[in-house]
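Common to both upcoming complexes is chain A, partnered first by chain B, then by chain C.
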Partner chain A sequence: MSLIEILEGPLWKASATIFVVFAAFRLMMILFTGRRHARARPAGSPAAGALRAILGHFLPWRALLKNGKAWFVILAGYAFHVGLFVLLLFAAPHVEFIREKIVGLPWEPIPRWGFIVAAQFSFAGLIALWVRRFVDPVVRLISRPDDHIAAGLTFAVMLSGCMALGEQSTFLRGLHLGLVELWLVYFPFSSLMHTFTWPFSRGFTGAMAGRRGTRA
Partner chain B sequence: MTHDTSFPKHRSFDKHRSLPDEVRLENAMAGFVAEFGPAAQTWMNACVRCGLCAEACHFHLATGDAKYIPIHKIKPFEDAYSLTHGPFSWLNGLLGRKPKLTIEELGEWEELIYDSCNMCGRCTLACPMGIDIAELVKEARRGMYAAGLLPDRLARIVGNAEKQHSPFGTPEDFRRTIRKIEKEYGVSLPLDREKADVLMTLTPEELENRHLGVAGMARVLHHLGLDWTLCSDAFEATNFGYLSGNMELQGELTVRLIDKARQIGARMLIVPECGHAWGATRWEAAKWYGEPVNDIEVRHIVEVLADAVEEGRLKCRPVGESVTFHDPCQQIRRGGLEEKPRILMRALGMELREMDPHGTEGFCCGGGGGVLANDRAAPLRLKAFEIKKRAVEATGADRFVTSCNICEMTLERDITATGFEKPIESLIDLIGTHMITDQPPLKAPGRRTARKPAERKPAGRKASARKKG
Partner chain C sequence: MRIVLFAVLLGLFPGGVTGLLQAQENTAIISAEPGPPNTLGTRSDTEIWHDLRLGAGGLVNPSTGSPEGGVLINSEGWEWSKLRNPETSPVIRYGSWGLLGVLGALVLFFLVRGRIDHGADTGRRILRFRLDQRVIHWSVACVFVLMGLTGLAILFGRPFILPLIGKEAHSVLLTASMQAHNLFGPVFALFLLALFVKFLRGNFPAWVDVKWLLKGGGFFGGHAPAGRYNLGEKAWFWTAVLAGGALSVTGFIMLFPDYLATRDTIHLSELVHAIAALVMIGFSLGHIYLGTIGTRGTLGGMVDGHVDEAWAQAHHDQWLAEELGRSDSETAADPIPDAEVQEA
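Right after this comes the complex of A and B.
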């Protein structure tokens, strides 16, 4: 079996399994263990509060609308995340891969120019946020090794993906696949888990506020 | 219905710092996670280190110091949590890895957890992940308390609350003070009635320095025709268990009020002008009973008065000046009462000039969450006051009022220390002095025992009158 076959076959399966099993396990531990407290008689709707917080936090908090740092984080954050999801779900090789390996359903890729725009947004966002970790004293103080590893791995995955786009080099394709597999294995044990925890985090806070008749 | 104030089972609070450091550290971590449920666990696993919470915290904004970033305030607990409850906890357990933290290092965090956090929840609203940092700081205080790490003055107040019923004093001190207020102001304060519809509670500040406020509040309750009483064995509304991280005390203080209300057959328990008392009693009491407290309506005095205004049972003579309102965090942002004080200001015929920001976005007074009681935090608090001062000044309002006496005390001290020209006044006192009623007027006291905000002439009013004139 060639290296690329190993990467595409057993290693892919193993890393995908680790990702699914451990991410699900971690999420279950977070959501289904610990104390459960009785809550006060509600003054408002916890469900409406949760929904409001889940959706509302997609926008910057009103009190920070005049805050340049907040806009920087929000714009860079959106550029990175939207770009990344477009690449992940609609880049032609990914569509091919998804069709083959995962869903087996028709899936339309974006044109090449769309890929380039998405990649530029995504890189710009990621680099801006990552550089900020080094230069802004606030973010520098709170950044953990994990935040740098997660950013670095994601960057490497994206870069190798762009390099492998033409699919003319088996080496580049193998490199990209190998990095993706590493990223998948790292994911459940890292801050990348925020991909799954965000709606719950917002939702719990929003539900508490909703119960109290206020907003979060 | 049973209550359980003994949970969670902390090992003993190291009052005399007598336990070995290792045990204190273990207690700290056990205290931190003792109350964790899905919400706290999710918050601990959602932070992306974006730093936006820093943009919301008055202590960071006032000083520019990175250490005051909200999420940084719980760092030692976060590190230990990821070791013991994080994704590799099983491996750490197998390898016997423990947090590297020392008790001295944890002690250094005391300032961040107690002096520079009001648990005001402003950062919670700024966080894109919706992490409730205020709640996590509360859990961190439980850890600190379990390790015997508590600012000295706060520890003394907690000790008084434990030993003598209230930081104010014993039930006997309370009875004496109530009788004294009755005499001073010629008002009746029902005390220790065996049956009543409403159990009224008070704060140490009211009992020590705000006798006029207590008398005014009693007059309002009489005017509303409520069948109420104060109880000398359940009078204390503030909850220094909640503020210090002493869970057992928190539970005992809350249960004491609810149980007493049940004992006298009350249907309502009124929380006075205090923010955290509202949080501890209205929003956390259910925790101690294992179910919502549905038979007793816990209501804030602001709510009671605002509802009476809306139902036409309470009318006031107009004050007729412009006013700006300081929103107490635990009543407004964390308490759901945003509209109530505004109803009262309208009832007083005041022109409300809102601060920027205000309501759920407003800045904390800087004294909440036990910070006021912790005197070593005063210099930092004064820096944070500059933000509030600028916001008040920008409104150009004649008067500056609030509805929490912890906020009022904090702002009053800051105003005195900085020479700011606008005094802070109590909204409830304004209602008390401007209410239209058949109740006999309050007797003018022989000597000044209480501040009389509604009677004094704020310098700011003079200034604005000059401007207008």
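Right after this comes the complex of A and C.
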């Protein structure tokens, strides 16, 4: 069995299994562990507070308009996440891989120029956000090694994917797939889990604030 | 006498044979049957071949609507292939020597001058670069390094890397480099535009630049006065903007050749692209040296944004005076002041 066959076969299955099992386990832990019931009489609606936080944080007007230092964080954040979402789910090679290995159903990929542009936005956003972790004293202080590993691994996955765009080299395809598998194994145990946990964390913070009659 | 006769025969013989063969060939051509209508059959028209070789248009049926659709041989391409040939290319030869020369000069300067030091720190720190400037600077730097490495692999790969790693590994390296280079090109152009906007202020020529130049920039001792940026930094800024702009424009031409250019424009773009890249990479080596090991206290200004007042006094005294004056009069009214004097 060649290295690429191992990467596309047993290693892919193993990494995908680790990803699914441990990500699901972590989500279950968050949802079912529960917390002590608050005894104080609520001053406002927790549900409304949660909803407001989940939706309202998509448009952080205060950060965008009033804090002149952080405008690019919003732009970079959107560029990175939207670009990555488009790239991951609608790039033709990914659509083909997902059809073949995961769901068995095809969907319409976007044209090649579309996912190239998405990748460019995503790279620009990721680079600006990761650089900020080093040059903003406050963000540098609160950044853990996990944050850098997560950003670095995501960058490596994207870069290897971009280098394999020619679809001419088995080595480059294997390199990309190998890094994707490493990323999948690291994912459930890292800050990358915010991909799934963001509605819960936003909602919880918003609900707590709503209960107290304030805004998150 | 026999020797002379032998030499004359030797000289005439090849000409005689060639002439005989040509005569037979001409007879064959003249006696050839004509081909289908609108063709010359097996007859040869030397004028057509001559014009084709020189890149004349309209001699063949254009299959596309492009301006070069009727051109069979691009004559300029012959010259271009010579310019690109790794063994004869002046771009590769002088470019590699130029970059090695810059590296050598920096090593020599470091050995002779050592690290430039501004003396004891005062402990008072002043904001030199805001957060958005720092993020944009390092974002450009990251993409520039990636573009530089992949670009150098493409330019110097055949003469320098291929003999070391072999054809197969070199082809993988080249396809990876080319894809990354093409994809990151527009990202570089975007960041460069942001850099231009964010760093333009303070980078226009001023009278103090002449004084700085006359003092040798303080590189060989003594104090050279400067404003927010000295002449060397201004030269680097405008080189980065102009060379980076040329790289971006020519890069886009090469990314979209069917829409933006003829073949000759693409050849010119490749040449300009390579030269601009070598100039920018060479200048950047000096910038990286002076910003890191060459001058104590400079790197901090671009990482956490602040520099010591002693550093500012030594390298940018006029800017320090302006900022301290501004700080005294405006800090109270400015929620995000350009100058934040801190006690360390």
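We adopt the following convention: the second predicted complex is superposed on the first by the 201 of 216 C-alpha atoms of A that agree within 3 Å, B and C clash if a C-alpha of one lies under 4 Å from a C-alpha of the other, contacts with A are read in each partner's own complex, and residues count from 1 in each chain.
The rule is simple: contacts are C-beta pairs under 8 Å (C-beta built on N, C-alpha and C of every residue); 3 or more make two chains touch, one makes a residue touch a chain.
Since the model is a prediction, treat every value here as computed from it, not as a measurement.
If we overlay the two complexes on their shared chain A, which of chain B and chain C does A:Ala38 touch? Say first, second, both or neither.
first
Kindly classify A:Ala53 by the partners it touches after superposition: chain B alone (first), chain C alone (second), both, or neither?
Once the two structures are laid over each other on A, A:Ala53 reaches chain B alone.
So, does A:Pro137 touch the first partner chain B, the second partner chain C, both, or neither?
both
May I ask you to name which of chain B and chain C touches more residues of chain A?
B
Output check: A:Ser191 vs chain B and chain C. Expected answer is one of first, second, both, neither. What do you get?
Only chain B; A:Ser191 stays clear of chain C.
What is the shared patch of chain A, the residues that chain B and chain C both contact?
On chain A, the overlap between the chain B and chain C contacts is residues 69, 136-137.
Which chain C residues qualify as touching chain A in the complex?
Of all residues in chain C, those touching chain A are 130-132, 134-136, 138-139, 142-143, 171-172, 175-180, 183-184, 186-187, 190-191, 302-305, 336.
Give the list of chain A residues in touch with chain B in this complex.
22, 26, 29-41, 43-44, 53-54, 57, 61-64, 67, 69-70, 73-74, 77, 129, 133, 136-144, 147, 188-191, 193-194, 197-198, 200-206, 208-209, 211-216
Give the list of chain B residues in touch with chain A in this complex.
Contacts found on chain B: 8, 34-43, 45-52, 54-56, 60, 66-67, 69, 71-72, 75, 87-88, 122, 124-132, 282-287, 289-294, 332-338, 357, 360-361.
Would you pull the chain A residues touching chain C in the complex into a rising list?
Residues of chain A touching chain C: 68-69, 71-72, 116, 119-120, 123-124, 127-128, 131-132, 134-137, 159, 162-166, 168-169, 171-172.
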